[in-house]
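Going in written order, the chains are labelled A, B, C, D and E, and every chain counts its residues from 1.
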Amino acid sequence: MKTDGYLSFIKPLERLITKKVLQVNPTIAPLRQEPEKTIIFVYEYERGEVDCRQLNSIEETFTYLNSSKNVWINLDGLKKADIDRICDHFGIHPLIAEDILSSGQRPKMDELNHLIYCLLNMLYLNQNNISVESEQISIVLGKNFVISFQEDATRDVFDLLRQKIKVKGSKVREAKSDYLFYSLIDLIVDKYFVVMEKLGEKIEGLEEDIIHRADTRTLAKINYLRKELIFLKRNISPVREMINGILRSETDLIEEKTERYFKDIYDHIVQANELAENYRDMMINLQDLYLSNVNLKMNEVMKVMAVVTCLLAPATVIGGIFGMNFVKIPWLHNPYGFFIAVGLMLIIPIWMIWIFKKRGWF
Amino acid sequence: MKTDGYLSFIKPLERLITKKVLQVNPTIAPLRQEPEKTIIFVYEYERGEVDCRQLNSIEETFTYLNSSKNVWINLDGLKKADIDRICDHFGIHPLIAEDILSSGQRPKMDELNHLIYCLLNMLYLNQNNISVESEQISIVLGKNFVISFQEDATRDVFDLLRQKIKVKGSKVREAKSDYLFYSLIDLIVDKYFVVMEKLGEKIEGLEEDIIHRADTRTLAKINYLRKELIFLKRNISPVREMINGILRSETDLIEEKTERYFKDIYDHIVQANELAENYRDMMINLQDLYLSNVNLKMNEVMKVMAVVTCLLAPATVIGGIFGMNFVKIPWLHNPYGFFIAVGLMLIIPIWMIWIFKKRGWF
Amino acid sequence: MKTDGYLSFIKPLERLITKKVLQVNPTIAPLRQEPEKTIIFVYEYERGEVDCRQLNSIEETFTYLNSSKNVWINLDGLKKADIDRICDHFGIHPLIAEDILSSGQRPKMDELNHLIYCLLNMLYLNQNNISVESEQISIVLGKNFVISFQEDATRDVFDLLRQKIKVKGSKVREAKSDYLFYSLIDLIVDKYFVVMEKLGEKIEGLEEDIIHRADTRTLAKINYLRKELIFLKRNISPVREMINGILRSETDLIEEKTERYFKDIYDHIVQANELAENYRDMMINLQDLYLSNVNLKMNEVMKVMAVVTCLLAPATVIGGIFGMNFVKIPWLHNPYGFFIAVGLMLIIPIWMIWIFKKRGWF
Amino acid sequence: MKTDGYLSFIKPLERLITKKVLQVNPTIAPLRQEPEKTIIFVYEYERGEVDCRQLNSIEETFTYLNSSKNVWINLDGLKKADIDRICDHFGIHPLIAEDILSSGQRPKMDELNHLIYCLLNMLYLNQNNISVESEQISIVLGKNFVISFQEDATRDVFDLLRQKIKVKGSKVREAKSDYLFYSLIDLIVDKYFVVMEKLGEKIEGLEEDIIHRADTRTLAKINYLRKELIFLKRNISPVREMINGILRSETDLIEEKTERYFKDIYDHIVQANELAENYRDMMINLQDLYLSNVNLKMNEVMKVMAVVTCLLAPATVIGGIFGMNFVKIPWLHNPYGFFIAVGLMLIIPIWMIWIFKKRGWF
Amino acid sequence: MKTDGYLSFIKPLERLITKKVLQVNPTIAPLRQEPEKTIIFVYEYERGEVDCRQLNSIEETFTYLNSSKNVWINLDGLKKADIDRICDHFGIHPLIAEDILSSGQRPKMDELNHLIYCLLNMLYLNQNNISVESEQISIVLGKNFVISFQEDATRDVFDLLRQKIKVKGSKVREAKSDYLFYSLIDLIVDKYFVVMEKLGEKIEGLEEDIIHRADTRTLAKINYLRKELIFLKRNISPVREMINGILRSETDLIEEKTERYFKDIYDHIVQANELAENYRDMMINLQDLYLSNVNLKMNEVMKVMAVVTCLLAPATVIGGIFGMNFVKIPWLHNPYGFFIAVGLMLIIPIWMIWIFKKRGWF
């Protein structure tokens, strides 16, 4: 079996996916790799004005705790020392600081010391290998501030929000920090749909593959996509519970009118989960289709062999009969004997095939 | 393998179904295609009189907000500007306006600002390819009005209701707007059964197909129907929850006596869901039946090959033995040698088949 | 493949079963076939006396509304006009009248206007084709009366009750109408076990079939029974919920001491549901057994082919070698050459089979 | 196919198991077979003294109703007349008397007239055919008495308890009748683990079977064990609910400190249920292993056929070529022609096998 | 079939795993093997000082009951007499003493006599055969003490904690015994992730195995890992419930601020359970991949046979035709006859293969 083709196809990709799916919480690892540097951006805004600046050290964020405006502090790259200091200053519990630093966590929300904390994963689609990548983000909502902690400094899903903050009269500028908190989560959840749409396209392509050819390459793709879906579901599914936790919370950090916006996210995440379930059903359909196709193919080959075997049978026997070296063999001296024998070699298999056709085998 | 037959069969249909099943909420798409025009119809009625007219602009609906009669405003074709204006005037929350405009949403209900909002899908059966098509509809119930927002201007399921409104003394004419609201949902749910009945007929046809022939065409049909059922279930299943939401709501928009009618819809949607579950079980049965049939067919072919192989075996060996060119071969000069050899060629396979039959192989 | 045998077997039966399983609620059908006539029987009884008579018109039942005794009115055959009139007179809601008339409904109970309404299906076993048949029955319990609405005038499961009512001192004669209501449901549920017992016998027979022969006929029977079980489960499963509804209801139509009897039915219906689940598990077992048997059979055939192929191989080659027409072939003039060659033809395959046996292939 | 071996194996056993699994509640049967005689034993004990005696008639038990000591009445063999009399005297509801008499019931508990009633099955292991057998037992707890109703007079699981009652200072002697009630149920549940351990050993043996040989006998054993597990689960699973019912009950028949003992049984029955679930998973594993093994075996046979076919192919063709009777055939007169031809017959298949090996087929 | 390779691979390992999975609670066994000796260590500490000593007899622990400091008593090796004495002294209920002594129990928690009791399993990874091993541990939390009961004296997961207790100013030294209780459970749960990570690596390795070769050895590994996962899940899954029990408990043994730490464990155990679920999904994926691979391999072999059969067919027939001994055979005297015949033997199969290729079979 030429598994090399299959292997070479999956080599760079598959390995990664399997690792992703089986990956356990790195808090257990004794060593955590610290990023080289932390980038800190602050947006301080109210209806009338907005101020966006990059800070040079974690201590500079401390003054924003008592700002009279809305504040969004975004950290890219998480150094343990920095996280511990900022958490200490803003009253974030050490266990939550630990969660912020431990990547690979299950999405969840927590309410503690008059702060709301939530942790979830931003999903991106790697356009090269159409694989789902994740970046863990922790968001803390305080009375007038939101702090977001990102692992990867090179990307996030908040550019649209950054633009809106700068636009005077935009909804986010008019509202309080709870709406900012909502906006961050909304953008993350919206991105889930973008990622799912791409995966959906891949499933569609896979279906065409299965119909056209059902080889090891297709098998590799099915296996690959099933793992992506496990990974997707693991990231999306607990977010529902998380949003629900925010809705049921009795905090006064989130105003009555903003709660409705969280209910809107809730609707979306429910839909995302159902869609993921549909994707899984589709994959099961495709797998069955693949197996049935392989089966049908095998059947076709079996039939060819049966036909050839049937064609061969009488010819071999007749040839054997008149090839024997007995001294007395009838018709051997008959001038038409040869043609009769060859004729039988032709007529008998044709008659056999006619019978088989009639019985519905071919 | 002749997959082209399979492919050509599914080409126009299958592709669409897969897309339908994998389709994500278009709210995430940056561009939404606006319909060319909006058609607005208003029914204003009370026990004694009814007035039905087509309006030319969205502003004309505004006067109906404070009508003393029952009002049904139906919009076909959803322009963003129109929806925003009417929602603003009738006190419908911007998030709900967003839902109205986003097709492909999960059925749901909401209660807000003394309005009840519900969103679900009308299902139609495309008679050409027997596929299920959906049209999203949003229905808003106010104190004395019902507004329904439809995507597709060319069709809906409310013609029966339009007739009843015009009939003096009909139940809907006697009742308030909550009964009108009920009637709209009832007609949508009733249509689900019509669609399911047609799908049921298709499943019946499929069973006959599987029994008569189990080829790639059948495979394509099984795959096709499974996707239709995923799509059906996705549309029907959340409606149960939606009706339940209306029943548990503590609104005074729905009177005590109308609530009983919603309970009737609830019974129906529960039954529709169970039926969909039965359909799925039937499809699993059919798939198993298909696979077993393919297996049995393969077995038949294997048996033929075994029989022919067994027939061939002794003849070939005997022919080979007496076809060797040794100088001294016994019986070669015997005048009956040839007939004995041919006789053995016949007797041995018959004896073999008799043995096999006895052991239960054929 | 000889599918005709399979087809001819299922033709009269299978079609019906599939229809039964896929059947949707006929309320959606525009036309409902009215029965030709309605048969009305009334039992009016108290401890001391009993009066049983057949009524000629629906209006004659009206007087029983205020009878001081217990009254059981049984209608066989449901004409819309009659149902509407009697419902109107006895205070039964129009929606329930609609339910009474719509066959194919899901079992349920309702409590309305000081009446308890329940709808379920009587199951019968058609002894000819061992298929499960259903008849919908609606039962209404009022203060001193029970009305039962049956579709089919030719049969029900209440004969035992009719006898008991006539026996002075029997439990039903001593009790109120709530015990009569209980008795009707109890007899229906008891019949479920009778039907299941028969199905159980069929499953047992099927197992024997699968072991003895695993052909298309067996396949048809498996498929047939699976559909019967879907149908059975659909009818039995919601009855549990229905009885539970009666138990939780806060009606005073059912006395404290009769409630215990409904709890007894509840135990039975729970057991019936678990049994149906066990039946389903058994069917899965049998299906797996069938598939394994087909597989083993195929394996046996493959082995025969392998043996014959191995036997044939050396003989063919040796025969071919000494059948070649080269001028110089060794041993050709040896007087024992022929016997040595034939001997090799025998010894080599025996040696091969010995090897295969040792390696565990046969 | 030699199904007779399979059949002869299952004949005496399988039939019974299937019957056991499909068995419905015999209350529906018109005729119940009465045992020939009833054996009644009474233990009357308090801290200081114990009195154990066999009674001759059911009426003799009546005096124990108002005994000032703890009383355990055990009935082996259930005659309808006796049960009705004793139930009547001890205040046990007629419906419970019916339950006591109806074997094949689902385990359950009930609380009625200041009595606690529970019904469950004692499980035994038949050492001859390693099948699970059940005996229904009903236990009634009154203020100072416990009555146990057994079907089968020849066996139960209470011998350990009988010994303990006779030992002065044992826990049961020190405690009230609620501890006696606990002890009976505890012994029954403990026996479940003994039975499961034996089944576990059988599953282990089955695994070894599947690895060593995967024939019809193994298939029969898999099928057999799956049915035993269905039966086991049906008996064990509702006991959890039953114990829970006792724990939640607000009776004062069970003292605060005895309740803790029922919690201990609850832990055990939860564990028994999980174990049964694990057993089922193991069986699924084994079934998959069996199927894979059968598949691999088939593959092996296919490979042998492929090898032999490949070996045969060139020899047959070369033999055929030089066996033709053309007048002019090259090399025919060459003295080494024969050896070259035979050499080719050997070299070509060796070269083919080498290729196949390289491509990973063998 | 060469099952010996498979067998020899699983012999030492597999047997153990199956036993582990099917193992029932040994409380039912009449005999329990007592360890040879018990090792008792006590840590008595407060903020300022720590005292760690090994005790010689169980009676020496008694004095610690009323210590004013925090006390951790750890017992390795459980002798019935010792356990009964210590439980009696520290007020632990006899039923809990029984649980402590019965290994193979389901993880659970209990609250009794102002003590919190919890039982769970420490998991280790046997590096030799990569199998999961478990050791049952019981932990009792009293007002100022924690007692841990271990089965195996040679190992546990608490070394990190022992170090921390000795470090002045460490969190555990600053806190009360409830934090010590938390720390023990936290370390056990942390170890679950370490074990799962190793299993994850094994699953990854298995995937590579399946792709490269799909033989009996791979089959044995799949079977092996599935059993390990059943065992893992059985140990991890009830711990969630156990932690939840601690969180919902209304004890005052656990302070408000420590409860948050238990919530942290709760998050981790939820994640561990989801991960175990993902592992199971991955194993199902791999099993499907394995089966598909075996199928594809079989298909490849079938194709080779089909090709060879097709190549052989015309050559055999042509050779047979011209090998017949008829006196008059055309072309026999033609000097190119032989070459034409051999040419046909080559051209016809090439043409056949070309046809098959075109129809997509190869």
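As a convention for this text, a residue touches a chain if its C-beta (ideal position, glycine included) is under 8 Å from a C-beta of that chain, and two chains touch if they have at least 3 such contacts.
Each chain and its UniProt protein: A, B, C, D, E = Magnesium transport protein CorA.
Computed from a predicted model, the values in this text were never measured in an experiment.
With rounding to the nearest 5, the Cα superposition of chain B on chain D corresponds to a rotation angle of 145 degrees. Residues touching across the chain A and chain B pair largely diverge in numbering: under half of the numbers involved belong to both copies.
Spacing of chain C relative to chain E, judged by their CA centroids, is 42 angstrom.
Distance between chain centres (mean CA atoms), chain C to chain D: 26 Å.
In chain B, 1, 3, 297-298, 300, 302, 305, 309, 312, 316, 319-320, 323-325, 329, 361 are the positions where the chain touches two or more neighbouring chains simultaneously. On chain A, the positions that touch chain B within their shared complex are 190, 193-194, 196-197, 200-201, 203-204, 207, 211-212, 260-261, 263-264, 267-268, 270-271, 274-275, 278-279, 281-282, 285, 288-289, 292-293, 295-300, 302-303, 305-306, 309-310, 312-313, 316-317, 319-321, 323-330, 356, 361. Note for the complex: chain E touches chain D at residues 1, 3, 6-7, 10, 14-15, 18-19, 21-25, 27-28, 93, 95, 98-99, 105-106, 108, 110, 112, 213, 215-216, 219, 223, 226-227, 230, 234, 238, 287, 290-291, 294, 297-298, 300-302, 304-305, 308-309, 311-312, 315-316, 318-320, 322-325, 329, 331-335, 337-338, 341-342, 345.
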